[in-house]
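Each of the next two complexes has subunit A plus one other chain: subunit B in the first, subunit C in the second.
Up next, the complex of A and B:
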């Protein structure tokens, strides 16, 4: 390609990135609609969709509010278990079960947030990690309800009826698009939160908490509310994940799952709307490719993460945005 | 046989009859009923066990606190360095067959790795916000743990205590495993050595001054970045020796560092970040609280320390020995 060709390509790319950034909800949803046609197999695209939502929820506290939480697995796990138990044990309607998963996760976030918000800065990561581990132990020990180490089985939602339309969830494509409806709705709400005055306060806290407090905002309460909302988004992701797998493995509440949110959000770009999905896709595709030829994929994922922290702390999408706006 | 005064107390408060009308199969009452029937001797032994388990936590938390107090870095790879210590111990033991040599070699090996990590990976991140070193050490823990898996495999390896330290001795309240007694002694020696180093030597003075005001120390002509490197090495070395010392009590597996990292965090939050006395007191407190819960309500044992942490957070968010405003 000639020098001019590269420049033209660069300009085209820059324009595309600007358009995507301006119409963020529409752009993300459009990308997600096309995703299953690009990704090698459907199960992977469902994973990207749900872990993307999980990373988006995490991004609300870290990317937008500046609180580094290492405990979001608790919300993902509790959302998955609450939804799973409702369906498997109590035979609750699937739609109600998803709502239940979201609400219970929000409730856990209220308690965890109430304790963790009292601490500042770097303590926050440690306290959230410890409290999430406590939730993990509870889920692990409460064998009667959760199945303990073996995980919860029998979360089978095979067919759903939406407004008289019978949909077969055993078909992976149908399942993907049913879940996309929930994710799209969540993304729209997420975008509205960011645009609201509340969202502006969040970013003010991230930039300078003391000044935000001096301006008369109740920063403790705002942070707490952001934490609860974030927990609900992650709980929704977990609830959908339970229906997707039709079991709930105990690993959904694990320490590694919390770390996964951090990794995905940072790889994609913290504090950006599109970043978490790109991060989730990059992480899962990398895992998928690496496991083909080595069982030590975590070594390479960890090394890549270290590389990003050192040289590209803005992440993939964040670096692109920065390049366009420079 | 001794019976605890708590039994009497419960009897007085609730009345003996009420005690027996409680549904015995209900989960919530079981611990309380069990609580009442435990002889005092068992309590004492269990507290001692807690002190032994707490000793490992003290060593971990001291390293974590030292690194934080000096570098303002929360070392998420602390559990990974603990694991490295255990495996380095297994390696040295396999090579030489000498347990005591491990006590010297392990902190040196792990500390050297720590020095390299600080120099190569952490140093570029200073001044870029407190979250970045934390994120880096988190990513590093994945790399280290998987590297251990590559080298040593996934199967647990045994490391047995030397013959001198096996068996049990009578400590007045009953027989207690000798190795655990040794563990408490080793912790006291290491922590007092560290304390003497920090308080009584001129290099310790530089470290303490550097923690308070690195700028002035630099102006006085001292290479502060080298001091930081040394402190990170000492902190990781302490984590390494904690891993080595706890290896004979458990199976040495690559994942052994994860629960321990969480426990060390709980200890640091309870004790107060950056405080050495806090790390010692809170480490022993968490150890004792856990082992007592193992005795009275085994199903809650894993969660007990989090309850303790929650109480401390509610009443004294900066930790027992922490200073208000340190984190701001």
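Up next, the complex of A and C:
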């Protein structure tokens, strides 16, 4: 009897996964709408939302194009600082500040990508890491503009007006759903990119770059464009993060942030649409639970990461997808 | 086999082409014209410089000396994707496809390369004309029945045929094939040779081949390379009768 139960459950699960995979944007957004009702507190759900978007952006170059970048903290950090400085120092409208964070991050990605894209594999990882460190030190040293070590303070966006609707961002739930509007829009755009002919070229490059070149694609320019788009998604995540925290800690641009993107994408499933969110949720929930009873939580997160790389290299969502497609 | 193409019109010419790798001379002073409509075979024993020459013709790397002229335009030093866009397509010696994508998707990507490269907005499913062209090409190479299978699940001979379909996607005015029968069973080799003969009816084809016997029957013209130099150039009958070629190929004196 229980055996049948398990089988029925398995079939149901398989059907659910297939439906989610087919209607990926709707499924992710629906999940995110429900998220604050299942996660213990709102700050954590905002974190999952924003780090999820960050990991999605990273996944464009890592999972879909096959480039391992270790420098995405630069885009998250620059997005956060550009938006934060615009709001705190220049009193710019918050919507404009978010757009600014996205664009400036894209601009930094253009420069970093332009320098790094010719290198491959481990060299690409190292060059992006080194360039991101340069960005970190600029943010760290430019104390007048960024607040340096102490971080940038006073990024306060409390009440916003969207189409005549007064919203109070101090209310955590309101804040979450306002952020979700941006994330949902970004995910829709992201999905369009993946479905476009350009997305097909990215897949082709991941599969066989040499062949893509022989077909007539300028693979350097294609990878560069993917890198810039990826940087913009990460920059948007950073800009929203600045508004979420009301401050920008210098850690947003730290190299450990680049590592987090890799971990989240890998945990969830690289090259899948839903994976980065699952990875971000798993990582942050684990951190949240583990910090309650040990200060050495990173040890356990690290162990889990190694476990996944060794036994489930497709990640949580990637393994489930593989299981239903087998 | 030349069909009704205008004989004598030059599609591509190599002028004094040479290549050095770290002091090693792989190719020296090769000058020749590829004529429109011909099926030209480049043959030679191992280490003769065939692959080096092929790579230079297809734009994989530029020659260290000499010029490559395609349809009257000097294209020496251009990057590989530019060669492809100009109308020179190649198939690889080692099977080179997109393994995780279906046969149709493989060819569709190759078709798309000539028209749209940076469109990040149009949904892929609207590219029906490209899919139609991909299916037509798969038909031509005899893969229509396997078009929805992933490339990695195709047999070796089928993957090679798929690669040729991808090379044809750009409607190339010069088709370069690098040892298309390498690693094939005798049956697969037969089928491939028939396919090449069919393709050459209305196309300009250059074929690099190690086995002389294979190309004798189907080529209009044969070029023999030896130690990186042009040894002989002529109709199959002349090449067969050429003493020097026989000596090189048979590795015997006299």
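Observations, loosely collected:
Methods note: the second predicted complex is superposed on the first by the 325 of 326 C-alpha atoms of A that agree within 3 Å, B and C clash if a C-alpha of one lies under 4 Å from a C-alpha of the other, contacts with A are read in each partner's own complex, and residues count from 1 in each chain.
Throughout what follows, a residue touches a chain if its C-beta (ideal position, glycine included) is under 8 Å from a C-beta of that chain, and two chains touch if they have at least 3 such contacts.
Nothing here was measured: the structure is a model prediction, and the numbers come from that model.
In the overlay built on the shared chain, the residue A:118 is in contact with subunit B alone; subunit C does not reach it. Residue contacts after overlaying the shared chain place A:193 against subunit C, while subunit B stays out of touching range. For subunit A, the partner that touches more of its residues is B, with subunit B and subunit C as the two candidates. Looking at the shared chain after the overlay, A:137 reaches subunit B, while subunit C stays out of its contact range. In the superposition on chain A, contact of A:22 is made with neither subunit B nor subunit C. Residues of subunit B that touch subunit A in their complex: 68, 72, 74, 121, 124-125, 128, 130-132, 134-136, 138-143, 145-147, 149-150, 258-259, 262, 265-266, 268-269, 273, 299-300, 302-303, 306, 309-310, 313-314, 317, 327-328. Subunit A makes touch with subunit C in their complex at residues 192-193, 195-201, 203-204, 207-208, 210-219, 221-222, 225, 229. Per the touch definition, subunit C reaches subunit A in the complex via residues 58, 79-81, 84-85, 89-90, 92, 96-101, 105, 108-110, 112-114, 116-125, 127, 166, 169-170.
If you check the complex, the residues on subunit A that touch subunit B are 68, 70, 115-116, 118-123, 125-127, 129-131, 133-134, 137-138, 140-141, 255, 259, 262-263, 266, 296, 298-299, 301-303, 305-306, 309-310, 313.
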